[in-house]
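Okay, so chain A shows up in both of these, paired with chain B first and chain C after.
Let's turn to the complex of A and B:
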């Protein structure tokens, strides 16, 4: 204890703040102890006893699937016996888009290129599965089961592997895991709940049907607790004085009513930790030497930034003419109940407004209106009903509005210096 | 030369541990890979295939057989056992010696690779598919002195289908040649495969020697597990019966049954606090394993979804009820969603947020969505039944 006190030196605040961003978010979640035990036990048996297994980790995005796997692997590799034996192969469905690439990657990661390199590159028509996957990961004599090193296959984005031709890779992996060859453990990670329905029935039959569901079944108090632990500095932070100040400021931040409300709102909309990290990251980026702690106002600002509507923001940047066209489209949608429209109809609607108002402020030529209409299409605020744009003339091409009416009204309220008559026109029930 | 190098995985530094207690022993025996010497409950099929192949070998003629059955009913294992027994008979000179070759449609990148593999297994030479086909043709069509019978096992036959079906045609045509001495055993899942996908001249050459493996009944499944355990007393009688009855009712897949039993031993091991004094695997453990492996996660997923996601699902159902259809556009659902938000006393959410909620539900396949480029125009469908959603939302 005394030794630590001696080390306790005060550092400049700037240095502390740089350290803060490195230190946070490093701790792992421990909500899923039951699942992690199951997985750890399974992988340990594969590594030490040479048992072949297959398992799927399923859960929504941002629920900590990869985190769980990493934690389990870290724990497993601390055991010496496992560390010496286990070979790992990590594949990702987004990178290994077909079986050929996947097999090359397996070869590379198993570091067996010297052995099979000849076969991969020399033969014109490679007998891939037999030669590479099977011979490499496995020799058929059952005696080898106890002597060859176990291989762990991690298939990230597992559902994409199910879209490969004939699902050959999956069939072969599962087949090896169900036969007396090299012990392998296949761990699939996916966010699709219906992933088993994607598998062909012979592939499905070979899969062991173990699934670990990572569902975020926690309440708001746990969520709040997570925010607190995520933001708190660990005990081994170099400057203890700063860490204490910081942690107490985090404590007060979390007890603030308005912060709690904002967090409740985020919690209501999604429980995933990634969007929480996004929010906290936005807060942390506001730290500076002159303001070394997070204030409630920062979090509210960040929350507002996260929750703002993208399309309504785009509407703020339109010209008055474009806004008028949007309003005309909204009226058309109201009158014709969502039937598609073309430029002529919109222009006519707009002209009706101009006639009534009698002031010729917005009396634009047809080409100008057309240009504005095209700009709206480029922004994808409107989109053609059918993709064939070349066949019909642009004026008569049928379009649909990609905005909700609430978005238009909201944008009108916030539009800088919106003319009153335009506003009134937008409010009026029928153009 | 590089050809003689056998690719292999490096060896472990320490050999595998021997099973320490009864449950581990049981688990090792129950693993799908530890195929027993003789398969219980497939004696009839074994006899049929055995006599078929044996008679062909003794006569020196050729023939085809088509074996079908759903996955996990012991087709490949039975054929392998037949071959083992015949090999043994050949070793003690009861029958003439023969070649056994095995190919698997799933393990080839292309149907034409079949030729290459057959040739390689027969003679050890390597060739391109076309060349291999020509060599095989020559070998099977021409007489040669002291020719051995070749038994060819073709697993996953349906994968060998090509548009012209020439691979299948050749495989079934060679046995009909006088000098071929070739017996072809084909395995696939569907019973009516020859009628469904083969053109007439292929189907007629396949002939009428068919055999179908029925799914295991619960008694057979029970017997299989008992024979695997082989006097290792790890399971209660009732627990075994429950597992086999459940699997027999669903699919009759032996692999599934073994996996469930294996999982049940794990659960049993965890439930006892003292690892040395492990009890028997009881009903409750099997029950838990069954729930884990058969239950669908949709309902739990809905229960664990965030408030807005649950509201969105309710809005979807409300909109379906209003329209009387099973499909609605996001815009329509969103109107309902806003109304529900107000009803629940929540702050209404923006369209962007609503789309994000919708996308999250789509990513885990509770909803089926059109590509998200369509924005508010995209159509939304439920991937689960409405009753399930209502049940999940009501239960809490």
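Let's turn to the complex of A and C:
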């Protein structure tokens, strides 16, 4: 295998990270084609026939909502008439955090800054929206078309827009879509299933209640199929021979029993494709010139990296004193049934252990113990019950342990060179 | 040690230099490098790196980005008290000061993304741009939208940009409640004892042999390893105490190979260091001076916490004593302690207390002002008039943080207080006014 060919593999790797799904997802599932046809028809009616529409795309994170919208828009813009007519405004709830910013952004994206100028429309906002849209129309209307140009509003993170004051933006957009002549289509993208409950009554009544749900309703065999199609190289790959080798190696990879088990584990924990991408990305990053195909061991390693428990990792790096304090807290939790504790109690419990064991090795002073305790607090393994930290003395501040019983025991098993008496102390039911 | 990092697209010579600077972190650096891919490839939108303090998170990234000359902006979230500073820093290091000056007075995320897109279209990225955020846990306290937006910045600005978050805290504590784009999680494991030894042995003193220094490090780790695994702290302690370790050698008492005698000499010294320098009781400068003075015993100098003695007026002392008694004694025992003719209380009944709930374990309890004054009048022998000065002394004790006011709702009428001093402190105070406080404390009966 020549070096050039392998380099060719690398280029799609880099691109697949963000763009691999573009041509694969929308066509690989029936339910999505059904949805996309529905959406396409809707948007086409807005773009060409001048209907005003509103629709919500709802689905969990990583279910392909934005992907669906992008594919539909791409298809739509291939039509000449739509391409000529349609104006697009993309808003994101994360960026446009209040209505003033959103208005500015709308003005900017419609290229109206010079038209609107310094005029401030504060009092009656509906008029402002209408004016904006009218302006756009007016710009165009001296020409042959008497009807106005349709505008497509895409609201990403739609639920965040519902938290704006009085939901003015949403009200106005839906109101324009209901009443004014300017045809607009409002497409909301959200991950909250209860998004309609967030809307005010007047806003809700103006919304068309058309929803597209993207719920991933596929089984494991389809999941496995996706893995295969995701990893396969397309037919128009420059080096045909290498692509064939690669695809056959992917085929054998997917048939491997251990790989299938690992994928089943991932499938059981979540069905979304982003976590799958993360897994595949970790596998692909291990490729090199000397190792041009994915081996089952790579996937198992990547799977282990994805599924490892972060808190157990952190517990592994604690010093022995901090570990002892955590065990003391665990005992306090067992005895007092989850009541909060303070440093004095923990230290007391620790001292009891030292007395019984009469091993002076861990006989630390109170300030040293406090330093360890504060380190645990910094790592947020323990958390104060009430936030006000300045009010009480540090040693009497009530804390709660943020760890599970089983997490502690597991960490103790994995701890390097854990002293036997500490281990026994942790096992014993009575502190 | 030199398992060389290999990756196509980067200069071999540079990679060799990187590997030299990252002892015991080849695996992590290699993984990061493979995730970054070649410079012009897209990388994962956001990477979250967590690990303990001083496990080399910033160092590895810094060395990688610097040596390989990648386009990057390093931002410390401690410095960026407002998002404006954050945006300015990112734009400044990617596009120069012209772009940074485009930001309006109090920029929103929307402005940042707009300017970023503008600049990107003028100077498109040929390589991945990296934004490294240190101390990322502080992002949670700022604007709620900031963290989710940063995680999907690649999508928002449509540029080849990767955000790398560094934190000590696990990702589970970051996740916003409506979810977000999940970053790629990477763990930097703690250094094992052997690795610590290897790294610490690197900065040895040139006039001594390597074995000599590494045996010193071995002793140092033997004392401190059970308490502290922070590399930086250990480096500091190693540098501070080395001159003491060499002392017998310079005097000619022992040879370099006589490890046992050297150990005998240094071990008590290190134990003392744990109680002083490690807790910052004594500053490093003072510690060095103490080492120079032969006759003066290390630790004889009074540390920070030894200066607990506070000079207070006579009545303030008694007010504080009364507050301590009110905080740590249950109210039902006041009659027994402070009334001369308290009638008959059966001793067995009185002494029946729950062993588990000692007040010195649970901390101070709040008490009303009336109770404080009642105890105050009974512990002060002379007659005291409740003048304005007494009350102003109470409120000035609050401002000195010797007392804390518990409930804020009522400033004038029936305020509640807590005593916020330790037992040692109150014992010292009561000794100056010849008051035996232990006799009056319920816990010590």
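Quick note on the criterion: the second predicted complex is superposed on the first by the 371 of 431 C-alpha atoms of A that agree within 3 Å, B and C clash if a C-alpha of one lies under 4 Å from a C-alpha of the other, contacts with A are read in each partner's own complex, and residues count from 1 in each chain.
FYI, a contact is a pair of C-beta atoms (placed from the backbone, for glycine too) under 8 Å apart; a residue touches a chain by one contact, two chains touch by 3 or more.
Predicted model only: the values in this text are computed from it and were never measured.
Q: As a test of reading the superposition: which chain, chain B or chain C, is in touch with more residues of chain A?
A: Greater contact footprint in residues on chain A: B.
Q: After lining up the shared chain so the two structures overlap, which partner does A:192 touch, if you call chain B first and chain C second: first, second, both or neither?
A: both
Q: Touching A:311, do we find chain B (first), chain C (second), both, or neither?
A: After superposition on chain A, A:311 lies in contact with both partners, chain B and chain C.
Q: So, does A:61 touch the first partner chain B, the second partner chain C, both, or neither?
A: In the superposition, A:61 touches chain B and chain C alike.
Q: Once the shared chain is lined up, is A:96 touching chain B (first), chain C (second), both, or neither of them?
A: Once the two structures are laid over each other on A, A:96 reaches chain C alone.
Q: For chain A, which residues lie in the overlap of the chain B contacts and the chain C contacts?
A: Comparing the two interfaces on chain A, one with chain B and one with chain C, the shared residues are 61, 191-192, 308, 310-311, 380.
Q: Within their complex, state which residues of chain B touch chain A.
A: Where chain B meets chain A, its residues are 2, 5-17, 19, 24, 27-28, 31-35, 70-72, 106-110, 113, 116-117, 120, 126, 128-129, 156, 159, 189, 253, 255-256, 259, 263, 266, 270, 292-294, 296-298, 300-301, 303-309, 331, 334, 338, 346-347, 349-353, 356-357, 360, 363-366, 374-377, 383.
Q: Quick check on the complex: what are the chain A residues that touch chain B?
A: 37, 41, 48-52, 58-61, 81, 84-85, 87, 99-100, 110, 112, 115-116, 118-119, 123-131, 134-139, 145-151, 166, 168, 171-172, 175, 178-182, 191-194, 201-202, 204-206, 208-211, 213, 215-217, 265, 267-272, 307-312, 380, 383, 400, 402-404, 406-407
Q: Can you list the residues on chain C that touch chain A in the complex?
A: Contacts found on chain C: 6-8, 31, 34-35, 37-38, 40-45, 50-52, 55, 108-110, 113-114, 143, 145, 148-149, 152, 154-156, 168-173, 178-182, 184-185, 187, 189-190, 192-193, 225-229, 274-275, 278-279, 281, 305, 360-364, 404, 406, 418, 420, 422.
Q: What residues on chain A touch chain C, complex-wise?
A: Going by the criterion above, the answer is residues 7, 10-11, 13-15, 17-19, 61, 92-97, 101, 104-105, 108, 159-160, 191-192, 274-275, 278, 281-282, 285-286, 288-289, 306, 308, 310-311, 313-314, 316-321, 342, 344-345, 348, 361-362, 364-365, 367-368, 371-372, 378-380, 391-393, 395-396, 416-417.
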